[in-house]
Every structure is written in structure tokens, then in C-alpha cells.
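There are two complexes below, and they share chain A, which is joined by chain B in the first and by chain C in the second.
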Partner chain A sequence: MSTDQAIDATPTATPLAVRFQGWGTAITLVAVWALLIAATGLYRPDFFAHQTVLAIAFTMSIVGVLAIGQGIIGISGGFIDLSQPACLILTSLIAVRLSEAGLPLPLVFVGAVLVGMVWGAFNATIVVLAKLNPVIVTLATNFIGLAALYLVFQLAQVPNGSEIYHMGRASFLGLPVIWWPMLVLIIIVGFLMRYTRYGRRITAVGGNRFAAQARGISLKKTRFATFMAAGGFVGFAAVLFASAAGPFNPSSASTMQLNVIAAVILAGISLAGGRGSFWMLLLSVGFLSTIPTSLVFFGLSSDTQSIFQGILLMIAVAIDGYRARRGTP
Partner chain B sequence: MTDTTAASRTLPGHLPHHPLRAALTGSVASIAFTFIAVIAVGLIWIGPKFVSFGNVSIIGSFLIVPLIVGAFSGFALLAGVVDLSIGSIVGISAAIFAWLITHGWGLWPAAGATLSICLVIGGLNALAIVRFGADPIAATLGMLTALRGITWVLCGNQRMIPAFDIDFFTLINQQLFGLPLFFLLAIVLTLIAAVVVTKTRVGRHVQAVGGDDRAAARAGISVRGVRTAALLLSAVGGGLGGMIYVGQLGSAAGATGLGLEFQVYAALMIGGYSILRGGVGNPVGGALGLLAVAGVANILDLGRISPYYVNIIVGLLLLAAVLLDRLRGGDAYE
Partner chain C sequence: MRNSVRAFALMALSVPVLIGLAGVAEAQDKFKLGMMVGGNTCCEWMKAQGDVARALAEKMGWDYVELSNNNDPATALKNAQIMVQEGVDAAIQFNGQPSTNPAISAVMKAANIPIVTYDIADPGMYFVGIDNLAAGIAGGEQLGKIMKEKWNCEPDLVISSEGAGAGIVNEWRTGGMRTGVKNICPDIPAEKYISFEGSGDAAVALPAARDLLAANPNAVKMAVVGINDGGVLGLINAAEQLGRADEVIGWGQDGAFITGDNVNPHLAGSVFYFLEGYAVYAIKDVIGPIAEGKEVALKADAGDPASKVQPCPVSAEQAKAVPDMPERVAQLLAAPAGTTEYDLFCLNK
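Moving on to the complex of A and B:
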């Protein structure tokens, strides 16, 4: 285990500039988010209402949990999981069918998460056995998955009055019930990735896979672990999605994909792998989820939402690329 | 030196280079076999109707825009900078062109203005990717989203801009030898692109930059220049595609070109290109990929089978094609 020392050591030895860099991301995100809220509030004081908080929190919950999965793929050097929409719809359908069968809510969660993990294992199998790049593999499985889902169903919805239906409409401490699991999961995963051996091994693989391999970390096992974990988070997000979204069809999740990728990049989780903090996801997801609501208050149509999201994503990746080129982590 | 070459020739499993075998095992050959297989299945299942002028004409008019967009964006793939925003560039080009025509602009000034805007878009892509080193997939995904939003806004509440111009309509939908004129032109364009890629110095520079940018830079090739030019070309292809859609449909809609990038890139990858590493692929292979996918869609359509099977088949073909590319010596992941 002595060869693992450098990877498993606590990050106390990181230079000051590196630690400051992380805070820079956090301060920037908080500042931009606060600016957005202040600007909207000054323009329309009725923005400061409980209704606004609820709208933002609903968007945050699903995007946040999906972003954990996307972040795990990104930080481990798998770049992007483009099959999240297909996996989300598949597991949402599972959640609907399970709750139609009258299963209690915990079992619905277990079922959706397990199916999500199977989906992730399927992706990982192709990546590992055929040695193909995850981007193309997940692009293809998303294609195949969504088409197959269209053959299975056109519209689905959780049964009225079921446990899962009530969960999507209940609130706790003034926020939607489905917001809290997102918060807890991001905090836990952020802790696991930073302070446990497994988390740091995943990050090490993303930073330099061959160096990690030379230190005895199995790349194949890491791929299976990250893809299955990511699939599990998609399955979890699917239950939240199914509970709150109302009727959905196989293409309902396609617009969410971009938000999730943008959130991961804005949080500073490098797509090239190897660095980033999952706690930042709370800020980036919160900021991105505020944009649609703000635009409505500014009287702009929902079409303009994607203009802002797209430009933001471009700026974020340009900064990400510039930092990588400069060599600063 | 002759000793080492002789030694390498006698190695077991290592066959001497032969142009015919290289052609038969190359990426264009495998997509050509796939294409022939698709035609064979069509002939057996649908019958001679499948290759009739009427049916090929229908497939051809659907393929005009994908072929043109594919021929241009193929240069970006070759240079190692994938441009995912092409579908949205087609959309915004159609919307701007239709808007200008309905506001009294002539066809040519409108076309010129539309292409200029597309060049600016390509320039912005190049600024982010080449100047700042942004990841091409993520950056152009952002561009894709932003442009689609602008297209929706331009199309307004009607969700479309009607722009029927009888002269333009007849020009675009002209027939020659029983096939759409622009389909034939798109094939000629593909052949020109293939000659540029394989036979000219410019083409070799593009391949060199995509294959290994550091080696290309050391050989004195301007990596930034080539990549910027490739992204500009890709945007021009999208611009042309959007204007042709306006000619074909007589209007621009908010959803014009939606998802075209996946349709085109899946076919191009089946045809031997790669969206992750540059330097591989050939415009002829890409065009055959588009033809093969369109043939599959047409067979399923004529056979009254759900169109969703097309995407399943495209996905499987895509995986098979990238696997074949890797077995042929492409980069293995890990």
C-alpha cells in the first residue's frame, strides 16, 4: 500500500495557490448568482417570494442529482455521459410502473437506482471490453435507448394519490421535499470524493490514468464503479423527476442534459478529469436553476433561456480550457 | 536500410503494403460494403422499386442538406475540432435568410448577409476553441443551444417564418436526369472535397493537424490557422444548408435543422470519420455513410416499420463502425 501513498495522502500538502483557486470558483459563482438575484429583485420586487424559491428548488433537485453522476464520469476521465437522458427516462418509467404496482416508496427508489446501475454497467461493459471512448459509446446507447423507449411507451405519469405523487408535491421547512435528498447527496459525495481513498483514486484516474494504473489502481474496475455509480444517481434523480414532472414522454429529458453539463463545468469539475469539488455543484446548479425564473420576471420568453445557457456554457468551457492551457489547476 | 525493410516483410502477420489491399481494408471500403449490403437488402425486401428513379429522387432530396453540411463539417472533424453547432447554424441561417427575404431583400444580398453571419458564428467557435483552448464538444454544445434559442426568438409566436420565393423554389427543386439537381451538385461537392483532402497540400495539412497537432506545428503548419479555417468552413456548410432548406420548404421554422448534427455525425462516423480524433475519414466515406443510413430509413419506411428502429440500427452501426476503426489501428481507450 506504500505505493498508494501519494494518492491516498490527505491534501494538506497542496500549495496555497491551488487551494485559493477552488475558493475563486466559489466566490465567482456566489457573486454571479447574487448579482442575478439582486438585478431581478430590483427590476421586479415580487421576485422575492416563496413561489420563486419553490420554482428554483424544484429545478435544482433533479439537475443537482444528475450533475453528481455527470461529475463522477467527468472527474474520472470519462469526459461526458451522453446517455443520461435515455437512462433517466428508462428509470422514470420503472419508477412509474413500480408505483403503479403499489410498491412502497423506498422500494421504488431501490428499483430505479438498481436499473440505473445496470444501465451504467452496460455502458461500462462496452467501454471496457471494446476499448471504445465513453463519449461515443454513450452517444450510441442514448440513441438506441431513446428509440427503444419510444417503442415501449409514448406518455407516462405516476398514479394520482400514490406515495410518490405526494412526495413530488410535499414541502419540508419551506422547500420541496425532493430538494433535501439532493442537498444531502451532494454533501456526502463531495465528502467521499475528497476524503476517502476511493474518491481520491477516482480523481487520480482522471488526472493521469497511466500514472494511476502504475500505482496499482485498476482502470477497468474504476470504469465499472464510476459508470454504475453515475447510473445509480440518474436512477435516484428519475424518481424525483417522475414524482414532480407530471406526464412525460421519452424526449422530456433532452433539454436537461445541457443544464447538467453546464453545471458540472461551472462547478470547476474539469471535463479532462482529475480535479474539481462536488460541493461547488450546489452553487452552480443553484445559479443555473435561477436563470429561467429570472428571465420570466424580466418578461423574456422561455426561448431566450437557452441563449443565456448556451453563452454561459461557452464562456465556462473557454475559461476551463484557458486554465488547463495555462497549467493552473 | 534494405535489411530492415526485408526483415519487416518476413515478419509473420505483417503483409507488404499493397494499394489494392489497402483500398479493400480501408474505411471507405467497409462503408462501401455496408452501402452495397443496404442496397441488396432493399432490393430483396422492397423489390426493384427501391432503386427506381422516383424513390432515389425522394431519398436524394432529403439528403441534399445533410450531404452539403457533412462535406463541409468533415473538414472540422479532420482537423480534430468537432463542430456540434452545425444543426443550429442550419436553423439560424434558415431563419435569417427567410426573415431577410420577407423584408424585401433580394435573394443574393440576403444569401450574402446570411453567410456573413454564419462566418461570424464560425469565428466565435474558433475564438473559444482555438484561442482559449476550450473543449470543442462542450463549447460547440453551448453554441448549439444559444443559436437554437435565437432561432426560436426570430421565428416568434408563429414558430415559423413563411418565405416562399417562386424563383428560388424552382431553382432548388430543379430536376436533372430524373434526379434533384442539388442532390447531384452535393455529390459533386463531396467528390471535390475528397480530391482536396487526399490530393492537395491543403488537405494533407488538415489531416496532419488533426492527426498530431504538435508534430504538424513542428513541421511548420499553422495549427491555429488550419483549425480556424476548418471551423469557418463548417459554419459556411451550415449556412448553405439552412438556405437550401428555405428553398425546399418555402419557410423557416424554429425546429429547422434540430438534431441534424447527430444525424450527420452518426453517419460520418459510420463512414469512417471520428469526432474524437482528427486525421481520419474521407468525404466519400462520409457521403456513403449518409446514403447507407438514408437507405435503411427508406427501407423501413417502405416496409411500414416504426421509424424508431432507424435510430436503433444507426446506434448499432455507429458502435460497429468505431469498433472496426479501433481494430484497424485507431486509438484504443485505455
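Moving on to the complex of A and C:
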């Protein structure tokens, strides 16, 4: 039996606890989300309308895909990728330029994803080869990237009436077209992370890198691939962003970062690495995307959402810290 | 022989010294203009303001120094101190985050350097800029006329896309647009005026705009005003995503998205300030006379400015005749001295 096979065949240390904890997180998230929806619906019955579903689903789409990338970095022990805003804007700009050049939508996706992967490789090269703290490295590359983008462009938008423009406004089965790729990606990545060798390697590296190394897993290769994959997801999210956002500038994505990190933590994906389920992202992203919409229905200003999101982030980080101290998944 | 060599060496050495001294003397005689551009990446015109000032300064034969405020008040103050060290004779600034304006004013006053401020007034600075309130009212009245013709002044909502970070400028422009709408349609009930924070950025405004539309599902006829075109576009894009764009008419400010071949059909018009060309006004009415040694009375009030920029409301149809910004800048710099973009391009004089 090879080392890889041994890892694949090795059951997790506490499978029942993992499953129970996973369900516990899911039940908590569903309960809080349902409570929020019920309270808003009681106050304003017109909350239960298709327009509300559309508004929330649009908000979920981009944050959800970004959260996959952030989650992969977190679960692999890379903590956080703070360079997502710069990568998102860079790849959105690529998407705009490719659309302006008349390329079909699939090629726009390919171009943006590839550039996102190159960005991830750049981060990985510094983190893995120079052995520097990924938080500091990605913070720095975000600054560098945004500064460079400021020099390149001021405003960009996809051409009105183009294929990508219509994608950002179209619906399918009553939900935004850009919501469906987010759903499919979360399901696929959740499956890959749980049931494939590569997914288990990423989790193993994040959980205990010494043990993973002892089992023959290359930390460098795994982390490199993880950063590249995360960059690719940002590139994918960028096409959705460019299609829906209208005109954007280099600082247009800065406000998303907190939401994405909060979604990852609320989903139970540990930023310290080694545990979490990507399927939970559907619930955490949905819950976080419902909050601002509910606030508006309650007659509160959209500015107040930052207060609620800040509080939620603190609670989520506290829960993550509690889980880490208890050693529970 | 030895004396000849010494004389020759002395002459040879004296030539570069004399050239250097002459250069220093000329540089000291040359008027030096300092420009502190806004540095907010939101808007192309901020960079263009520096480009135009540089070109005009070169035309005048002046030295020119440019720094970026990076849309940051502390950086703006540091830049003012650098301008003093650089020994500029006069300075121009656009400071979109004006909390440090009093400190900047004090620094420049202590160094006896006159300073022009664009669009945001300070008691110690020459004010050159748009009458933001007049611009807001002009845009609002144009939108009001469309509402009167199309909806008989009976909209379901008049939505304001605010940009609270801009402070009083937001109140003048966005509030001015509401005033303009009321001038044409005075009987719209107060509860039909609602606002959301759009930060003057279409992408940032989008989620909040979607939420606002979702919370007003029965609104059919919606008019949108805002601090700039970007903020208004945020709501229009949200309406497109929720399948309600046909019910929305927007009128923006600043003209950023009303020209070119990518204009949203629901943006009915905007108000041009021709922001990139402000240096023409500053040099014509303030800096030029100072460079000639004339006394220029300090006019720091937006109501009684040192030089007033005229707002130019244009419909989307009219805007098709207005060239894009690079072309406008090219034509402005080719025009006789003192010609403004309002003179060259405004169809509603």
C-alpha cells in the first residue's frame, strides 16, 4: 500500500464527532437564518417575495465563490488570503478587456481563471519558497497589486449589451444566472475536499503539517497548488463580478473582504487549518447576504450592516478560537 | 607658458561655473506652480486635472511640481509641507477629504504661498469651482421636466444615491437635485423621497440598491438622483438585475458615464463640470495675475468665488455631441488661452 493510499484509506480520527459537529454548525446556521427571515417576514410580509430572493441571491453569488478560495487557503493552514481584492479587480479587468476584444464567454472565464492562478502562484512562490507568513505576504501583494492597478486604469466596465453583460442580469429558474455556478462550485469543491485524495491532502497539511510530511505529503507542492486553486476561484468570481457590477475601479472590491472571511469562519472552516465543510458555505453566505436586505426591510440604513457584520465576525472568530482551544472540529 | 596654461585652465573652469550660475538665476526667476491632485482612483478627471495644469504651466514657461493627495487628508497636509520645501510660488489643490484644509491653509499662509482650492472651500484659499448647489438644482430640474412629461409628476419614488463621505458636496449636489425636482414637481409627497448610501461608486452601491428595490416591490415609476453618475448607475444596474429597469429614469452629476459608446439607456442625462479643465479658470483669474506680480484679492467663498465654473446639464442625446475626456483635453489645450471647456462644449449655455 502506497503512502497516498494509506492516507486515503485512513479514517479521520473522530468521524462521529466530525459528523455531529458538522450537523451542529449546519443546524445552528439554519436556525439563525430562519429566525432572521421569520422576524423580517413578520415585520414586513412583503419580504417573502421573489424580488427579495433575487436581491439575496445576487449578493451570494460573488461572495460565495470568493469564500471557496478563501476556505481552501484556510483549511490548508494558510490562514487568510488578504490579496483577494487586488486579484479580483485584476482578473475582472482581464474579463472586461477580453470581452471588449469580442471573445466568447467561455474564453473570458478561462482567461480570468488562468490569470487568477498566476496571481496565486505569485503568492505561493513567496510564501512557500521564502517561507514567509502568508497573511503578511498576501497583505503586501494586495497593496502592490492595487497600487499597480491604480496606474493601469481608473474605471472599467463590460460592454453594454455584450454576452457577459447579459449574464450579469439574466435569471434561470427564478434565480440569477450567476448564482448557479456558485452553487455548483460549492457542491463540487465540498465533494472533492471530502472524498478525494487531493482534498484530504489539503486538509491533512492544514491539520498537522508534521504528520502530513511524515506520511510523504509534499507541503510545498500542496500549498503551491492550494494558492493557485484559490487564485483560480477568485478569477472565476471576477467574471461574475465584472458581469454584474457595472463600472468598477481598483477599490471597488475592498468592501467584500470582511464578508468573505466572516462567511468562511461561520461555515466552520478553521482558519488555523485542518477542518471544515465547504457545503456549509451555502448556509453562511446565504445568512450573511440576508442580513443587509433584512435591515433595509426593517427601515435601517444600509450603513448599519457594517455594524452587524463586524459583530458577527467577532462572534465567529470567538467560536473559531473556542473550537481550536477545545480541540473540537 | 605656465601662465598661459593657468589662464586657459581658469577660463575652462569658469565656463561651467558661469553656466551653472546663469541656470540657477534663471530657475530662481522662473515662476513655479505646485499642483496637488486629488488622487482618488474613482475618477479619471482627478489625474487629468494635473495633466491640464502641467500643460498650461509649460505653455506659460513656468516650472511645475505635482504631488498626489491619494484621497487622504494626512497625505494632503504632508504634500503642502513638501510644496513649501520645493519653494513653489503658488499652489493648486483638489482635496476630496478636506478635514486638513485649515492646517494646509495655515502652512501655506506661513510660507506666504497663495493656494487655490478646487470645489471645496476654505477661508484661507482662493476658491475655484463649480457651484455644486446650482449644478444639483440644474440636474434636478432637467429630471423633473422628464418626470412631468412622462409621469405627470407622479412618481412612486424619488431615490437619492448619497455619497456621505463627500460631506457638504453631497448635500449640495444630491440635495440640490431633490430641490430641482421639487421646483418642477412641487407636489410629490415627502415620503416618496428615499435615500441609500451609494458611496458614489456603481459597484459599491449595487448591493444596497438591490436591497432598497426589494424593500419597495410596488414602486413602478422611479426617478434616481445622486452625487455622481456612478452612484446613479448603481441603482440602474440593480433595477436591471431585478427586472425593473424599464421603471427607472436616472440623472447623474459629473458627466463621467454620459459620453462614449457604453452609455446606459436608463441614464437620461448628467451635469458636466468639465472638471479636468479647472486649471484654465485658476490660471486665468488667480495664478496668472499673481505670476505677473499683481495683487489678487482672496475670494474664498463658494458663493463669491475667485473663479466660478459653470455647470452644464446635458441629456444623453446631447451628450453624444460632446467628445470624450482625452479629446476634450486635447481641444482645450489647442484653444486660445483662457478658453474654457464650457465655452467649447456646452450645448445648454
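Note that in this section the second predicted complex is superposed on the first by the 316 of 329 C-alpha atoms of A that agree within 3 Å, B and C clash if a C-alpha of one lies under 4 Å from a C-alpha of the other, contacts with A are read in each partner's own complex, and residues count from 1 in each chain.
Criterion: a residue touches a chain if its C-beta (ideal position, glycine included) is under 8 Å from a C-beta of that chain, and two chains touch if they have at least 3 such contacts.
Bear in mind the structure is a predicted one, so any value in this text is a computation, not a measurement.
Of the two partners chain B and chain C, more chain A residues are in touch with B.
By the touch criterion defined above, A:150 reaches both chain B and chain C. When both complexes are overlaid on chain A, the residue A:39 reaches neither chain B nor chain C. By the touch criterion defined above, A:313 reaches chain B but does not reach chain C. By the touch criterion defined above, A:249 lies against chain C but remains apart from chain B after alignment on the C-alpha atoms of chain A. Residue contacts after overlaying the shared chain place A:168 against chain C, while chain B stays out of touching range. By the document's definition of touching, of the two partners only chain C reaches A:292; chain B does not. By the touch criterion stated above, A:160 is placed in contact with chain C alone, chain B being left untouched. Legend: residue contacts after superposition of the two complexes on their common chain; A:301 is shown touching both chain B and chain C.
Residues 150, 301, 303 of chain A contact both chain B in one complex and chain C in the other. Of all residues in chain C, those touching chain A in their complex are 41-44, 47, 164, 196-197, 201-204, 206-208, 210-215, 217-218, 230, 233-234, 236-237, 240-243, 256-257, 262-265.
The touching residues of chain B, counted against chain A in their complex, run 124, 128-129, 132-135, 137-139, 141-150, 152-153, 254, 262, 266, 269, 275-276, 306, 308-312, 314-316, 318-319, 322-323, 326, 332-334. Residues of chain A that touch chain C in their complex: 44, 46, 49, 51-52, 54-55, 58-59, 150, 154-155, 157, 159-160, 168-169, 171, 176, 241, 244-253, 255, 292-293, 295-297, 301-303. Here chain A touches chain B in the complex through residues 79-80, 126-128, 130-137, 139-141, 143-144, 146-148, 150-151, 209, 219, 223, 258, 261-262, 265, 271-272, 301, 303-322, 324-325, going by the rule given at the top.
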